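One structure coming up, written as structure tokens, with questions to follow.
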Amino acid sequence: MKILIATSTVPFIRGGAEILADNLRDALAAAGHEAELVSIPFKHYPPDRIPDHMLACRLLDLTETCGVRIDRVIGLKFPAYLVPHPNKVIWLLHQHRTAYELWDHPAAGDLIHCATGPVVREAIRQADRELIPEAKAIYTLSRNVSGRLCRYSGIDSEPLYNPPSNASLFYKGSPGDYFFFPSRINSVKRQWLVIRAIAVCRERVRVRFAGEPDNPAQQAECVNTVRELKLSDRVEWLGVVSEEQKRDLYANSLAVIFPPVDEDYGYITLEAMLSSKPVITCADSGGPLEFVVDRETGLVADPSPESLAQAMDALWTDRRCAAAMGDAGCARYQDLNISWANVVEKLLC
Amino acid sequence: MLKINWFSPLPPARSGIAHYAMQVLPVLAGRHEVILWTDQDQVAPEVHQIARVARYDPAAPPWRELNNGTVSIYHLGNHPDFHGGIWRVSAQQPGMVVLHDLCLQDFFFMLSVHYGKDRAGYLAAMERWYGEEGRQAGEAFCAGGISAESMALKFPLTREAVRGALGVVTHSSRALEELHETPACPVAALDFPYAAAEESRYRAWVAARSATPSPPYRLVVFGYLARNRRLGALLEALAAIGERTQFRLDICGELWDEGQVRTQIERLGLNSLVNLHGFLPADQVEQKLSTAHLAINLRYPSMGEASLSQLQFWDYGLPTLVTRTGWYTSLPEEAVAFVRPEHEVADIQAHLRAFLTDPGAFRAMGERGRRSLIQNDTGRYVDAMAQFASAALRESPRVAALALARRVGNDLTKWLHPDAGPYVLERASREIFTVSEGH
Amino acid sequence: MAQSRGLRILIATVRVPFVNGGAELHAEGLRRALADAGHQAEIVAMPFKWYPPERILDQMLACRLLDLSETVGVPVDRLIALKFPAYLIPHPRKVIWVLHQHRQAYDLWRNPLDDLSSYAHGADVRTAIHRADTELIPQARHVFANSQNVARRLKTYCGVDAAPLYHPPPDAGRFYTRPAEDFLYFPSRINPLKRQELVLEALPQTRLPVRVCFSGPADGSVFERKCTELASQSGFANRVQSLGAVSDEEKRDLYARSLGVLFPPVDEDYGYVTLEAMLAHKPVITCRDSGGPLEFVAHRETGLVAEPKPEALAAAMDELWEDRERAAQWGAAGRQRYDDLRISWSYVTERLLQ
């Protein structure tokens, strides 16, 4: 089959969604199909320009190329999944979240600060409600995303899990003296919460952060907080690390800490499980909760510095328990049948 | 239940709309969650008893707080001091607009040209709604070549005020159509809210009226008395009838040109019959109205807006002379006495003579007016307004669609050749529609 | 002028799904060159389907609706746009380097190959494309063209001034030269615009036993079959070698060993083949109406420019075949001319970011 993967991208930013799109393309190619990405640039501010981008996607024609039919379009992100095609399948990574559950989020909410915010929010919701059902099938990244889609748009969908990149290369090393938190640095991932938790920890826990900020100001803020709380010797900013380095860091960590707000999915959780490491997450973290079983494969804390600190202290002191939880996490991953073969089969049937 | 952001003048602002707000808000706040937004320096203490009062800066409205609400209700009138800030917010964030004045030419001129030094903005608005003719008239007006009155009549600029609104409320049915200023959004004409006085109080007024020896019969005129209140015609009519000494005329309110009125009274020899009282405090208003026999509420030209004072006269059971124009044409024949604009003096005189012949008939007219106030029940008004606001909210995708269409249209003019116009416009419209409203 | 270093640059181009050609290599070449010069560069490729004609208008509008001025609060310093309709995307600091306009609306209108004039609304769309190009291209800060040929068309049809800006063919550094063997080489996609047909008609009219080697994929089988028939009918099939698509290494090897390169297309925009020949130190035979190649081939200095007729082409082929030494001299001169023309990515970067 000839397949186009339609996604929205922000130039110069490469995150999980971009990696997923590439992995999907590779998986389709491996299964013998011709697959290409169509990456449509999307700037989500000022809000009243969002409808412009929605309209732009509706005006594209991906039905054929040089007289040859495009058999399927797989839409991944807003507003690219609005592209019309008679044989469209949506694998929803997420909707435009600040029009939904992040509307009044103190840090992430952006539409709410604008005069035209409510009107644009309605426009986005209406378009999703009316046009997502155009697809022949609707899958989502996770139960969390499916839940939101149902709650806000009244649309049913099936979660379809995918493996992290290079899943087979993760390994279990020897647990070391640090918690590992690999992720883009921004307020939604909540590095700031972990920093405040360290300050409250009983034990002299150490955390190594890997990843770069979306915007330099976001990291600067975290760095300032570390300085103010005098935690410079407990926190390490590794910046961007290679994939190999990242796997090593997973492998030799004590545990992985990943407490984002209402994460859509969270490869980090799966990478941790593949590395046989327990995961500390929060009760409002979303995606990770579909994989982390509290006190079996990790710990689910309340989203407060105190509760998070308690979890960190617990694993810091009971290394055996941490290791056991890590192994349980690895076993759980195997049980869940998370594979590209499965994804391809579902998206093309 | 709605979360309402309410924007209107509030006491102590000397605006009829502030008074209207104090009638409506207690009922509204009892049924919905209301925040009162103001840019006034002061707000009277009693307002704080009704609902939370929040301040805003028209130059930087607090969108985050406003966006917590379900809908904003903006009250617009002709006074730039009272409504300038409100309009600025409404222009940026669509909501429900309540038009208390239908002609806003003066409002926009003062706001843009006079205060804002934004002549270009004013002229752009004139051109937007009235084309080249409008722009030229605007320029002539700025240069001082046309009268404000004729500008107001010909170019009301009502549509400018409601440009992005989700819905518009007026208190006068068909008024916008008659002005040829129908907006793109839904319009609701609601009966102006008025909380009639309790029966016991009314009977006290009736008693007070009967106790006052008559003749002479007391004629009363109230309010801000601009030229369109037809004082000149009234004085001429009164002076010319033989039975004039059977009447006394109390003129209560600010005069647009006191000197001119006094001169006319002098000239017509009406000094002993006419009293100028100026603006009166509430208790004296009550005294005057409860002892008056006939109210004179003439207006010409009228831009169609409802008259709160008319409802007040009816509250007191006062028969009233009204001009057959605008909102007044919708008033029940049996509750008012009509004066034709083109036969003012003659009609006034005819009614005065008829009054003397049969004062009881006029008293009955006043009572019928009182009874008709049931339609103006504030509770009914609040419910109708809330219902309309909910309906208007459902229209909001259309607002985004129109804005998008405007932007698209704007860009297309830069590069699209007319030959390709029909296809692209149709295609773009169809997709804008699909994106906004679905298939 | 502020130092042009470390800029964030987007390259806007167009992509036809599942078709990989020169345009993709060009954009990638530019991206790498900008990265080498210390900038952050990314390619934004808009999907493009040009039929039916109305779709073109849709996609023009789609491009107009995009906002590439910033990402996450950080400005995009330049938008370098290469192709229609991507070069219509608005940007305050846009540089257009026109690879080509939508030729079916211009010089290919009513050409048998054009698929615009055969549609009901083709004429309206054509007018719309003209108008858009004329109005919007000049809004860019600078306008460059792939070649003088493209610049000339832009001026003729749209009244827009554009400076020609040459770029190297892909893998320019990998071409090399070897002693000439007994064949003329014609590498190119097999289609009527490239005019393999003309060479096949010329072959029977040569005095000397000139041999020609063709390589390249066919754009559609009709023309390819025509060429095969022509070759066999003329009785000169033994002097023709048709290799089909070859690898890049094979191509470079064929260039290196050839006596000279044949490249007589119709009104080519640019023509990597000419430059590749020059890089391989080989003379080029082209035609008076070939367009792009004429900007590089100097008659009787780096090659021969013939009338687009079989007998003229045959005479040119004979000339090269006869005097091997002179052919080699012309080839060397061609290599020198390549350098003199400053065809390099660093020069491109310098001009685009001035």
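By written order: A, B and C. Residues from 1 in each chain.
As a working rule, a contact is a pair of C-beta atoms (placed from the backbone, for glycine too) under 8 Å apart; a residue touches a chain by one contact, two chains touch by 3 or more.
If you're wondering where the values come from, they're calculated on a predicted model, not measured in any experiment.
A summary of chain positions shows that the Cα centroid lying nearest the centre of all protein Cα atoms is that of chain A. The greater number of contacting C-beta pairs, out of the two interfaces A-C and B-C, is seen for A-C. One simple way to say how far apart two chains are is to compare their mean CA positions; for chain A and chain B this gives 55 Å. The mean-CA centres of chain A and chain C are about 43 angstrom from one another, to the nearest whole unit. Averaged C-alpha coordinates give centres for chain B and chain C that are 70 Å from one another.
Shown for chain B are the residues that touch two or more other chains, namely 408, 427-428. In chain C, the residues touching two or more other chains are 58, 61, 65. In chain A, the residues that reach two or more other chains under the touch definition are 52, 55, 59.
For chain C in complex with chain B, the touching residues are 54, 57-58, 60-61, 64-65, 88, 121, 123-125, 127-128, 130-132, 135-136.
Looking at the complex, you find that chain B touches chain A at residues 61, 63-64, 67-68, 92-94, 396-397, 399-401, 403-404, 407-408, 427-428, 431-432, 434-439. Chain B contributes residues 408, 411-412, 414-417, 419-420, 423-424, 427-428 to its touches with chain C in the complex. Looking at the complex, you find that chain C touches chain A at residues 8, 10, 15-19, 40, 42, 44-47, 49, 55, 58-59, 61-63, 65-74, 76. Contact residues on chain A toward chain B in their complex (touch as defined above): 48, 51-52, 54-55, 58-59, 82, 104, 109, 111-120, 122-123, 126-127, 129-131.
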